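Per-chain residue numbering starts at 1, and chain names A, B, C and D are given in the order in which the chains are listed.
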Amino acid sequence: MTLRAAGIAVHFGALRAVDGVDLAVGPGEAVGMVGPNGSGKSTFLNAVTGVVAARGSLEVAGRRVPLGRPGAIRRAGLARTFQSPQTFRELTCIENVLLADRDRHATGLAGAWLGRRAMWRRERRRWARALAALDRVGLADRAEEPAGLLSYGQQRMLELARALVGEPAVLVADEPSAGLDDTETAELARLLGDLPARGVSLLVVDHKLDLVEQVADRVVVMQLGRVIADGPPAEVWRRDEVVEAYLGRRGAARG
Amino acid sequence: MLEVRDLRVTYGTTVAVDGVDLDVGGGEIVALLGPNGAGKTSTLRAISRVVPATGTITFDGEPVGALRPEAVARRGLVHVPEGRHVFPNLSVHENLLVGRSARDGRPSAFEVDDVYDLFPELVPLRSRAGWALSGGEQQMVAIGRGLLAAPRLLLLDEPSLGLAPTVVDRVYAVLTEVAGRVPLLLVEQDTERALRLAARAYVMAAGRVALSGPAGEVAGRDELVASYLGRTATVRDGA
Amino acid sequence: MERFVSLFVTGVAQGAVFAVVALGFLLIHKATGVINFAQGDLVTLGAYIAIWAATDLELPLLGAYAVAVAALAAVGVLIERFAYAPIRDRSIHVVVISTLGAALVIRAVIVLWRGTSPTRLRGPLGFEVVEVLGARIPKQNLLIIGVTAVCVAALWLLFHRTQFGRQVRALASDRMAAQMQGIRVARMSMLTFGLAGGLSALAGVLIAPTRAVTVDLGFGPMLYAFAASILGGMGSIGGVVVGALAIGLVQQLGGGYLSPDYAEVYPFVLMLLVIALRPQGVLGSEVRARL
Amino acid sequence: MPGSEVGTAPVAAEPAARPARDRDVRPPVYRQRQLHGVAAVAALVVALSLGVDSAFGHGLLHSWLIYSVVGLGFYLVFSLSGQFAFSQGAFVGLGAYASVWASEGRSFAWGLLAAVVLSAAVALAFAVLVVRSDHFYFAIATLAFSHIALIVFRELESFTAPGGEIVGIPKPDLFGHRFASGQDLALLLGAFLVLALLLTALVERSPLRREAVAFRDNRQVAATVGVPVLRLRLGMFVLGSTYAGVAGCLFAHTSGFISTESFALELGIDIFLVVLLGGAGSMWGPVLGAAFVVWAPEQLRFVGEYRALIYGALLVAVVVAFPGGLVGLVEAAGRWLRRGRGAVRLRSVGERA
């Protein structure tokens, strides 16, 4: 399994935001996660990416990784994007991407002061990779502009480029289509849809069911911090508990 | 009573609300529906002035678009926010008492005891801190706090958000009970419940009002379902 | 035994003064999220104004104290208006540096006005002592403890039993929701700075009779108040008071039984240990500082 | 020049990663001209040390150079990696006492070595101790640290001297030469400033800069993209504190006299002023800010005892009204000039149409 999360639980005071969630994503698999607002999807993503303290166990690309260690989780091959795009506004676009490169040789003081030659050599490779990642999301032209100057949609794309630069084993995307217009959403769907073929597994949370259907072969439905359904989209949409919790009774009529 | 014209909210370069017109008459229950990211919450926040916006907002004939949020609340335009925002370090009882800050001398239809009558669940929790409440209990406190502000119009943002169906039933039972006494502008994802409560509804998609009319009519339109499933293109064509 | 009792009472009295400073500091921090680095110099200014009112104006001592408290409440409001309100939405670094600048101005004003040579402020009880378990305790120390106890009780009631107090606490935990509830945040922030100014002056007049008054009078108490707030977890009134008493006791007992040269160091060592082992404070649960 | 080979080097051979169109492969941050700036400062120091002929003038020059080194260190800790530390003044003191202690009866080089090793080691130990604290707690912890340090300087007489006062510290000697004259000292201090600038410039022209800025802007997000936040935080703190230690060593041997007073709160405030007045957004900020902090009090001499008052008001005014500091003003002036030229061109186009 590329990603295996078992028994993930997050409590805020008395509120059980995530209440024992098991989820596995296989190699080259794309999984969609849906559920009403406040059902714990984002908190679950925050837990498996180490941003909030959680209980449970986590495996990335077949290796156990401790929860609560965002850096170690990223280096193990789990990359993410955020619900509202989190770019470093004062850095240029390409620097944003460079930050996430897996090759961390000569990035410290030793590289800056002593190993300048090695640092430049590595940096040129990192630079080429970062530029390629930016090119993939259509931002190569803006590489040297501060990220703060990008539009909202472009910031999302930049975040995606940053997540994809190290060829992660799995990408976790938190509402990647929020705030995007139709053309941007279509472009996003194309980018995400290509990932499994490139060997990157995908876990995507989104409210646009069209997008989820388009990119995911499996859908997980969450409600009140638990998984209430898991299966192929067409089948999951028909289940009563999903209809009740999420689509509303009228929504079922469409199927 | 509340008149909103050409409301626009932008975050950086993103347009969240793109020219919304909206009216709520005295004593009316109005629902504001639409999928996530359609701009419902931003509309509500713009009306209560916690996010900057352009356009005109008139409440009871008076422009409120330039006031501070606390001044808007003191005029009786009271907002029960998404995510409830119960004060975590105050007890249930104290949260309710703080609700009275916005009265500004207006007579109130509700006192603290009335709130306990509406939500008897809260009585044993009187002295429990806000952070230790469940989501449903927090929602009850938030609604009670809003009612104690002597609202002339209550803006309710997603009162069913993240709550178990039985709790949603409780919350809506109370909303139905108070609906005759307090006008409501209700933002909701649970279309069905909202349309049962409201007399009129607006449906938003991509920052605009895509559809509006009496609740019964709105409920029958296909665009409503379409907008929820992300087929925003259909909605725009219809609008 | 006498030695212990004497050190203990002095420690509690010193801790009580730190508690008063820390409460003012906590008040501002809770209502606005700001760490006010001018708090120490407000203590000093309070003591100097009391000295001025008692000697130059020849007011009775309690009148002089009242003048100091009132004047410092006004100074607190001025700081809020000039050093905080204009930059409220800027980064917390900016706000902290701005309060540092305010501290520098106050300090400079004191030096210009009263010079740098040490002076004294009489206590209302002079140098009278009372014997407790064989130890000779200055009555001033007992006065400090008594006044602080009253003050803490009054503040507790203010915070928990009045609408003002509930509003401050609401503002502290969720500014946006507080605004939505119609709480006038600008007025609240002025009031809390004013109240904190008054508390500083009170701490100043309480501590001044126990030592020579110089322009550095308030600096130490401010540092200890910071330490007390951290020990108490930056949370409740009770936590801060317990933290402040612990600081005062550690300082006096450490100075008395270990080495007096390092008496000032022990409280900070305690604080650093707490930060290292339990960053959220001994009594605290969650930290919500804006810095 | 360490970076000079870059311009001619071909793109690394990774066909799949090769972007569609050919472009220069240097990130823009590496195109900056920090090294030219370092050379300019070096030339300025030489010119000033030759041009100034009064002991008073040399005193100001020395202060500027030392303050600049301290400020550069604080730039790394505070401006670049966003750590709100009050400990910089204490590390100046630690360096000063350590160097006097170690160089007694030996050469200056031993003192310098001791200052570097001791300030780096103490900074590391302290940073590791409080590594779980953030923001406000960290600020207070550093404040407590500097208070403890002052008391230790005063009381630990075997390390410092009775009361922490040491007089008659010999002038520095290196390579058999004693830097006794004002001019010699200015050149020596200038060499240290150039070294400090060079080391900072190399950090600015390296991946460390972007990681520090990312850490400063949002440490949580930085961690999720794989920035080693812990190493970065400790590293920058230790580095900046070591700059302070070296500056302390230079200060002790230049002035010949130290006491705990020299490292009290006033020094801490001065360091904030140096960085903020100069402009926290640029490594040149501290150099400009130090010049101002050293030069302005002399110009303000006529205001006499109101100096401290004006200083405090200035601090508030700067953070409220000029967030970019002096560097920001210079940049704004540059932009204004350029915009002026642009406007003229636009108008001429309009006339032709």
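Here is the rule we go by: a residue touches a chain if its C-beta (ideal position, glycine included) is under 8 Å from a C-beta of that chain, and two chains touch if they have at least 3 such contacts.
Predicted model, so just to flag it, every value in this text is computed and none were measured.
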Where chain A and chain B overlap in contact partners, by chain label: none
Chain whose mean Cα position lies farthest from chain A: C
Euclidean distance of C-alpha centroids - chain B vs chain D, Å: 52
Distance between the centres, which are taken as Cα means, of chain D and chain C, whole angstrom: 34
Cα-centroid distance, chain A relative to chain D, in whole angstrom: 39
Gap in Å, rounded to a whole number, between the CA centres of chain C and chain A: 48
Shared interface positions of chain B, touching two or more other chains: 88
Arrangement of touching chains [line / ring / star / complete / other]: ring
Inter-chain touch pairs (all): A-B, A-D, B-C, C-D
Touch list for chain A against partner chain B, complex: 12-15, 36-39, 151-153, 175, 178-179, 181-182, 207-211, 224, 244-245, 247-251, 253-254
Footprint of chain A on chain B - complex, ascending: 11-14, 16, 35-37, 83, 88, 131-135, 158, 161-165, 189-192, 206, 219, 224-225, 228-233
Partner chain C, residues of chain B touching it in the complex: 48, 50, 68-70, 73-74, 78-79, 81, 85-90, 94-95, 97-104, 145, 149
Residue ranges of chain D touching chain A (in the complex, touch as defined): 2-3, 5-6, 9, 11-12, 14, 16-21, 23, 25-30, 199, 202-203, 205-208, 210-211, 213-214, 217-218, 220-229, 231, 235, 239
Residues of chain A touching chain D in the complex: 49-51, 70-71, 73-75, 79-80, 82, 86, 88-92, 94-95, 98-100, 102, 104, 106-109, 111-113, 116-117, 119-121, 123-129, 131-132, 134-135, 140, 144, 162-163, 166
